[in-house]
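The same chain A turns up in both complexes below, where it pairs with chain B and then with chain C.
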Partner chain A sequence: MVTFTVFFVAPVLYAIYLSLFIPQQVNGNLTQVFGGLQNYEWALQDNQFLKSFIHIFFFGIIQIPIMLLLATILALILDQMVDGFLKRFFRTAFYLPYTIPSVISGLLWGYLYSLNLSPLNYIIQQNGGQPINFLASTPMTLFVIGNIVTWTWVGYNMVVLFASLQGVPRELYDAAKVDGATGWNVIRYIKLPLLRPALFLTLLFSIIGTSQIFAEPFALRSIGFVPNDITPNAYLYAVGAQNGNYSYAAALALVLAAVTFIFSSFFLRIIARNSNDQ
Partner chain B sequence: MTNKSASIWLVVVMFIFSIYFLLPFYWILVSVTKDNGQLNTTFGLWFAYPWHLLDNFHEVFTRNGGIFWRWLGNSFLYSTTAATLATLFAAMAGFAFSKYTFFGRSFLFTLILGTIMIPATALAFPIFLLIQNVGLANTIWAVILPQTVSPFGLYLMRMFWDQSFPNELMEAAKLDGANDATVFWRLGVPLIQGGLVTVFLFTFVAVWNNFFLPLIVLGNNNLFPLPLGLAGWAATQTGSTPPYSAIILGALIGILPLVLSLLFLGRYWQAGLTVGATKG
Partner chain C sequence: MNRKFLKATMLGTTAILSASLAQDNFREPQYRDVQGNVTLEVWSWVPGLDKTAAEFTKQFPNIKINVVNLGGGAQTYNRLQTACRAGSGAPDVAQIEYGFLPTYIETNCLVDLRTLGASNLRSYFVPWTWRQVSPRNQEVYGIPQDTGPLAMIYRADIFKRYNIPVPRTWDEFARAGARLSELSKGQVKIGNFFSTYSPWFIALVWAQGGQMWRQNADGSWVQTLNNPTSKAVAKFWGDLIKAGYVSTFPAFTPDFWNPMAAGRIATSMEAAWGPGSFAGSLAQNPGQGAQYRVANLPQRTLGSFASGNWGGSSNVITRQSKNPQAAMLFINWLNTSRTGIVSDWNNGGLFPAAQAGLSLPELRNPDVNPSKFFGGQDVITVYQRASQAVNVDFTWAPWLPAADAVFADVMAQAIQGRITFEQAIDQWQERTLAEARRNGYKVTGGQ
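Up next is the complex of A and B:
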């Protein structure tokens, strides 16, 4: 109990306290001066910070649905398969990327996309073409990050969804079959509604996870074009670790946490309301 | 499935997806046999001769005075220590939440689970400053201590206690005069062994893969865990080429323990996700 307090409650309180100060040169010494909500005012006017939010917002509304749709389809297929080697093989193969440290998957995919190591560029060059720089602009880099994140998390989400499908009593399917339900109807009217709670959970974790993307762009920085404002966390790191302005970084982190919280509760509420209507 | 050709098509679809998910792993296995020149000039998805696997091993383990050994050792040290402590704390706290009723129990449990919502990066800088204040910055404890708390681990442990340790057993033991510690260690721990392995596995991998915290709290190369060290090799000064072959082999060595744990301890992974899915 004490440890939980020390490592969760204390840092949050400290971050709030910290975010109220501004580093300033006083008689040649760098000191923290009380600044009230000044840091927050700056944060809301900080173009790079706002841009990082726009980046991650568009990233999220495209990547999260693709990832969860794939995970759902794969979980449904897996659920249809008979137990055996193939089923175990697919489950393990899809889940494997989740166990890889994100900075390492960032590096590996980065090399697969890079100018000189990419197998695709090798084929293009063999046929007399110019190699493509996949990491040349912010949208392209975001696309590459989207691929890495999808690759990492589809399997994890699939296993969570698959596990909740396994919890369905088999008699339910048999009863549906007796009533003449086709395979598609079983999916539409039995499985998808049963998946709803697990989908909430994966959606929630996806929103939180998306807001925190950091290691992938960090790894790609050594390979291609990755601006500081590519994600909120990347910008936060630039402010805190590179410029040493911890108090401003703390304010940014709290704004990020608040926005993430608002977004996830907003989405969950919409979905919860829709499901109540049915 | 009644329709046989449909099920064959589904298996084909699954195979295509497997290729996508396994491609980077295949690429690593091919690439660790090449030197930097071959990586640049030969087709990435097929082998090239002569092989340089042994040279690459030599390069990885001797580069920068053999610092790779230290990184690997650090990763094992941090992950094992933090996961052991985290499992112990989660087991004890989970026991308390599961078997005792006390004032504010459900509120406190919700509060702890709510901390999952706080971005880890929002905590990293304050944790760094707090750790600096107590003089632990740039020590192994700066990485280990903050990771000994796992809200997800606590959540899992509570579920395991609820499921595998009946309240009647607890009451019977109490009637026989056993104190709380005896009940926990003698009766409880053997019963929830599976849960302990699951929580240990999840926290071990989480610590092994954590990047932001060590990046913030460590300034000394010698204390880096493996992923951080590899990122350092990759980020060489502009103009010079990073040691690709060393990084790729290093990455393979770095992910091997995780892949093996998945292949051999798969059912414990499954246990963690199943509890999470049905109760969430």
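Up next is the complex of A and C:
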């Protein structure tokens, strides 16, 4: 309880306190003065902040389904495989990207997507095409980030889903076999329904994770221009570290937390309703 | 001892004496060592500063220097800003460009160097640099390190191959761009637009007399990012970009150095520290048959001559430093001593802010970088001319980091063709104004 207070409640309370102040020039010097809800009013009118939410929203509805679909397919294949070296190898290989810090993976992928160094562009140029500038526009940059995030997290989600499949009692398969169910039917009527709780869990984590994307766009800065409003957290960082406006950054952080909370509970509600229908 | 030998020795002594007399209009202040063993942490992105720092420790063995290179510009500033506000984690000494100094003055992060005897050093520096480190004309917040007057780095081999004269005016520059594009079938661009570095663009506007900010007597500000000169410069480059004559590779990335080495960019408008970074970054791969040279910045008309300043830095001491005396000794030595200035030039290509440094013969040695990389050209003299043509009365605002970020954003949109370059400048003004106000400044727009 003490740790909960110190590490969770206290920072949030401090952020709320901070967000009620605004900097102001008094006699030529910048001073923090009480501003009430001024920061929140600005936040809701801040085009860059709103844009960062739009970016992350479209990012999420495209990237999360692709990632979870891939993770599910891989988990099912892995579950089907006979125990042995190959199974262990693939399990580790797919999980490996998750163990690489996202800043490093951002740099690695950054070079693969660099205008002049990318092997992709090399192949295109060899065939007489014009090289692609992968960071030319925000949608393109989001695509690059989506690629990195998917690569990193597919393995992680696969392991969660795979563990849940391993937890299925083997008798269930035997019973299904006796009833004549094979291949696709086993997957469709036994495995997928049993995967539901694990899928919802990974979905929830993915929504929360998506709302917090920061390291990947940050690392991509070393190869080209990535706008501050690419994700909410990147924008928060700019407001805090670049402009030094911590009270406004605190207000933005609280708005971000609120939006993430609302979104996740919305999904939890849908999930709960669906489970009851079953 | 025979006579012949005596004569020879005497002759030798006279020669040495006269040689040293000739050079010794170089003036160094008295450096006073501090007591005890000290280690200073220094944040700087000057190439090879560790080598210069080693020279310092050779002279003052009780002071060790730990140089930390976090990367240029924003990468260092964001961390420094955070450390300043947090009240811990800041280094003893940091490198800050003149334009970004007001940001740190506002946050009360820097030591007033008058308390450490800086007032006596004023006469050692190029006069306008002192104004930059002492913007209120009272407190002194930094020791000038280098300046960045603009000139044009160009590939002499490319101009020779296509038989095009090196441009002296912006009109000639535009015409050379069209001709180069035609002859090379669009492969070779006349120049590159650094769309992610507003101080580069500001320097070009500065060279033509545009002003971006001024502060009123009551402390409030006026911002004029969209002044007519600013719009004209943006339109000029925008037209060349749209025509395909100018590229937009981001500065200081492999994506810029590669086409430079490959001969796909003919010129680059570079500050006085530019030749140093060319010599350093292109050392491994300068490009086949490449001849890098420096010429004056193109002018509005033949006969006129002006330049702007891009970057150039000062060394500051943070209030968190536990050894301000030792830190002062280091930044003083670094920027006024002959050893410091020569080492910074050879290792980092720093164009000294110290008045006497500019006429040092060591900086004209054609066999040492950066001059060596430029075919032995006397690079310093070109930039010295530019330095004298810089309008010295230029004011920076403390929200330059915000202006810088907005600039990169609106320029990206202009390059994608979603808005015109003139609209981009108007948005730059409006959005920066909104951010400055949100960050607490009393500021109005103006012309």
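For the reader, a short list of remarks on this structure follows.
Everything below uses one rule, namely that the second predicted complex is superposed on the first by the 275 of 278 C-alpha atoms of A that agree within 3 Å, B and C clash if a C-alpha of one lies under 4 Å from a C-alpha of the other, contacts with A are read in each partner's own complex, and residues count from 1 in each chain.
The rule we apply is simple: a residue touches a chain if its C-beta (ideal position, glycine included) is under 8 Å from a C-beta of that chain, and two chains touch if they have at least 3 such contacts.
The model shown is predicted, which means the values in this text are computed figures rather than measured ones.
Shared-chain residue A:127: touches no atom of chain B or chain C. Within the superposed three-chain model, A:261 lies in touch with chain B and out of touch with chain C [touch as defined at top].
Of the two partner chains placed by superposition, chain B and chain C are both touched by A:117.
Of the two partner chains placed by superposition, only chain B is touched by A:18; chain C is not. With both structures placed on the common chain, the touch criterion links A:246 to chain B and to chain C. Taking chain A as the reference chain, the count of touched residues is higher for B when chain B and chain C are set side by side. Of the two partner chains placed by superposition, only chain B is touched by A:233; chain C is not. By the touch criterion defined above, A:136 lies against chain C but remains apart from chain B after alignment on the C-alpha atoms of chain A. Legend: residue contacts after superposition of the two complexes on their common chain; A:222 is shown touching both chain B and chain C. Overlaid on A, the two complexes show chain B and chain C touching the same residues of chain A, namely 116-117, 222-223, 237, 240-241, 246. Put simply, chain A touches chain B in their complex at residues 1, 3-4, 7-8, 10-12, 14-15, 18, 74, 77-78, 80-81, 86, 89-90, 92-97, 99-105, 107-109, 111-112, 116-119, 122-123, 151, 154-156, 159-161, 163-164, 166-167, 183, 197-198, 200-201, 208, 211-212, 214-215, 218-219, 221-223, 233, 236-237, 240-241, 246, 249-250, 253-254, 256-257, 260-261, 264. Contact residues of chain A toward chain C in the complex are 22-25, 27-31, 42, 114-117, 136-137, 222-225, 227-229, 237-238, 240-246, 248. Residue ranges on chain B touching chain A, taken from their complex, read 1-3, 7, 10-11, 13-14, 17-18, 20-25, 27-28, 39-40, 42-45, 89, 93, 96, 108, 112, 115-123, 125-127, 129-130, 145-146, 148-149, 151, 154, 205, 208-209, 211-212, 215-216, 227-228, 230-231, 234-236, 242, 244, 247-248, 251, 254-255, 258-259, 261-263, 266, 269-270, 273-274, 276-278, 280. Contacts from chain C toward chain A in the complex involve residues 74, 77-79, 81-82, 85, 103, 106-107, 195-196, 218-220, 249-250, 253-255, 258-259, 398-399, 401-402, 405, 408-409, 412, 416, 435, 438-442.
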